[in-house]
Amino acid sequence: MAGLNKVVTSYQEALAGLTDGMTLMVGGFGLCGIPENLITTMRDIGVTDLTCISNNAGVDDFGLGLLLQKNQIKKIYASYVGENALFEKQMLSGELEVVLTPQGTLAEKIRAGGAGIPAFFTATGYGTPIAEGKETREIDGRHYILEPSLTADFALIKAWKADTMGNLVYRNTAMNFNPMMATAGKITVVEVEEIVEAGELDPHHIHTPGIYVNRVIKGTFEKRIEQRTVKAR
Amino acid sequence: MAVSREQIAQRIAQELKDGYYVNLGIGIPTLVANYIPEGIEVMLQSENGLLGMGEFPTEENVDADLINAGKQTVTMAKGASLFSSAESFAMIRGGHVDLTVLGAFEVDVSGNIASWMIPGKLIKGMGGAMDLVAGAENIVVTMMHADKKGNSKILDACTLPLTGAQCIKKVVTDLAVLEIKDGAFHLLERAPGVSVEEIIEKTAGKLILPDVVPVMKL
Amino acid sequence: MAGLNKVVTSYQEALAGLTDGMTLMVGGFGLCGIPENLITTMRDIGVTDLTCISNNAGVDDFGLGLLLQKNQIKKIYASYVGENALFEKQMLSGELEVVLTPQGTLAEKIRAGGAGIPAFFTATGYGTPIAEGKETREIDGRHYILEPSLTADFALIKAWKADTMGNLVYRNTAMNFNPMMATAGKITVVEVEEIVEAGELDPHHIHTPGIYVNRVIKGTFEKRIEQRTVKAR
Amino acid sequence: MAVSREQIAQRIAQELKDGYYVNLGIGIPTLVANYIPEGIEVMLQSENGLLGMGEFPTEENVDADLINAGKQTVTMAKGASLFSSAESFAMIRGGHVDLTVLGAFEVDVSGNIASWMIPGKLIKGMGGAMDLVAGAENIVVTMMHADKKGNSKILDACTLPLTGAQCIKKVVTDLAVLEIKDGAFHLLERAPGVSVEEIIEKTAGKLILPDVVPVMKL
């Protein structure tokens, strides 16, 4: 890495500086678009006491479930965690602190964190348990709650392609939470399927500009499917 | 006789209008896509980041990178667009979705809905449901009128933690179509073969009856 | 127009329902990416008492300057209005009410309006005249002001290409304020250089999904340049 | 002898580091792009919606759709990306730009800056300046040390309406390089041929002098 070249060649280098107790954002929706190899590297490094911000918590043996297996996560912000029995056990036993957050509020809290907005009002969750302890306000006859933004020490991102300057393109719905999280990490690490030279991506088609990206690494991916639904030909 | 899940979906499909952008929740709402009336065009929104959801893929076209909000593999319809979850919920929260269909455990006369949490049982999380009910002007809730023991889920006040407050105006159950207004359920239609008496019996919340109760057309 | 087809064929039809006293968002930065023909149509229709939300106010004889010439605008939200002598005259005489708004705050207020967020905190403008009369708050040691969002009766947008369903693609920096404004109008009208069939735009490359767009019309454009700066070969 | 506008730009270019993302304001800041040191890579951000601004186009390549924040026709550098103004200011407000260079009418010992409005004269608007000074960690202000009558613009307290409060840490003028900290200007460098006495004379705000004042390297 020098100048604007963000490419690193080992996963150890990609996660250099990630230590116990840090707050991480982890991209993906379900198992789609998750940074698979960055997660397994964290498992192998054995970093603990992590706070994870991720829409889901993987399944028992894939995605963030791998870190739950080794009790590496102490707190998680997520919107839906229903696919994971281990998660349930750790939550009920109190080993794992869970902050359930509506999906759109979670997405917006992360986007706000990256955009320098410390808090915003939203109607989502007003009058529900999510509003407990939060400031509320009536604006033009509707009720809203104040939601603070989220940032992280590291954002762990999966994209389809990157150029060497860290400009990113996502593929299909594997985009999901990745673009906002890429803006909200102090250090943003991206694993991709292909790295191209700077200038090869059309400037109109770049989903995440390289300014948000610190490190890029090329990986290979299992891409496990949670619900394989098909129709007959 | 109560209508089936498929028939509930069929009835809800009649709420679709030409040119609508629609978000269909998991469960019965997903089935609505099978009953889009002939001659109208609608676009299905999937809150993970897809506008223009198509049908399920053939085995050869399964793509791990292309799923819907229920995490099922899907395809894209003609004119589809892809975007982040932040953009997706900007659409939802900003009221750009014309119709949202989602399931519920309970609804009440104030338009409150409970659909995400049963205390003491596993808490799976609300996913996008709270955003959907807060953002949509036009929501249809699909649910069973009563539980298996016959206890009404159409209440004066929800007993479970809410998903949203004062946001539901229309409910389609296995027994009836109800409108919520002025602090009561208004019976709009009954399921074929279901008596008004059965609906009265299984509706715990205040119920207003019209002079004539039409039968759901399916 | 029927179903998801948003194409209209006359500018009158494109602006149907736009009446005196309405609030309009008008895309563009300087003269780049402005809805030229929608503006001239408003001049021709003679609609008055308008509130315009636009980063700039055009120049004397192009862009929103055309509406200023005919006193059709009573109030404007903008960040920079330095290119327009007529504007100055009307502002100083009190004919025109001007709400100067920092460019990034303006962009975010519009984005928030489209995204259903009624207000957000920002550090921009704290301690300046912009903060006067606004709620302030200290969050984690920094000072912020609360900014309400903006919406409009009509959003007038210029894009490069549209498909018949109103999916939009912008070209180069003619994007600017257009994407946010497209989300924040009750009725969003877009003029474009080319209309293609639905399905011809790659879903990954669409900048504005058609859900935000009500009407699309094909126009021809002068594209006047404000500062033609060139280098020798 | 005071340095020229070009020389101020040349001095500021020394603040650039390899890999920096930089926003250059209108006027002297724009000139900085001509003095990027050999061997380092930087990306220029233009707040209307371009990261990777290139040089001016040749006559044949002028494109009305491709301008910078000063509304000048420009080109794109290798690795450029395009985005909306909302995204552009998310970058700026979110602190992602490594260095911002902009002009000012006045600065003061508290790090306040006034750069957008002279009451009684034409009000052109602040454009993106308030966002830039609120969002950047690392701002260099470029300005003339005094006006044509010799009145200092380096003050104890700004007299004009502020662009931002307590946000400026470094100022490069035609006479000196100054750091703002602990409620004072600290003289870091003097322009070639400019005496410390002249700087003292033309600095109205509290000024701290080091034992030795190095000369700007140009």
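We just call them A, B, C and D in the order they show up, numbering each chain from 1.
Going forward, a residue touches a chain if its C-beta (ideal position, glycine included) is under 8 Å from a C-beta of that chain, and two chains touch if they have at least 3 such contacts.
Remember, it's a predicted structure, so these values are computed and weren't measured experimentally.
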item	value
Where subunit B and subunit C are represented by their mean Cα positions, the distance between them in whole Å	35
Euclidean distance of C-alpha centroids - subunit A vs subunit B, Å	29
Gap in Å, rounded to a whole number, between the CA centres of subunit D and subunit B	55
Residues of subunit C engaged with two or more neighbouring chains	108, 111, 115-117, 122-123, 170-172, 204, 207
Subunit B, residues touching no fewer than two other chains	76, 82-83, 89-90, 92-93, 135
Chain-level touch network, classified as line, ring, star, complete or other	other
Pairs of chains, among all present, that meet the touch criterion	A-B, A-C, A-D, B-C, C-D
Subunit B-facing residues of subunit C, complex	2-4, 111, 113-117, 163-165, 167, 183, 198-199, 203-204, 206, 209-212
Complex contact set, residues of subunit A against subunit B	29-33, 55, 78-83, 88, 91, 98, 100, 102-105, 107-108, 110-111, 122-130, 143, 160, 170-180, 207, 223-233
Interface residues, subunit A side, partner subunit C - complex	108, 112, 115-123, 139-140, 142, 144, 148, 169-172, 204-205, 207
Partner subunit C, residues of subunit D touching it in the complex	46-50, 55-59, 62-68, 70-74, 76, 82-86, 88-90, 92-93, 112, 117, 122-131, 134-135, 161-166
In the complex with subunit C, residue positions of subunit B that touch it	18-19, 21, 40-43, 45, 51-52, 76, 78-83, 87, 89-97, 135
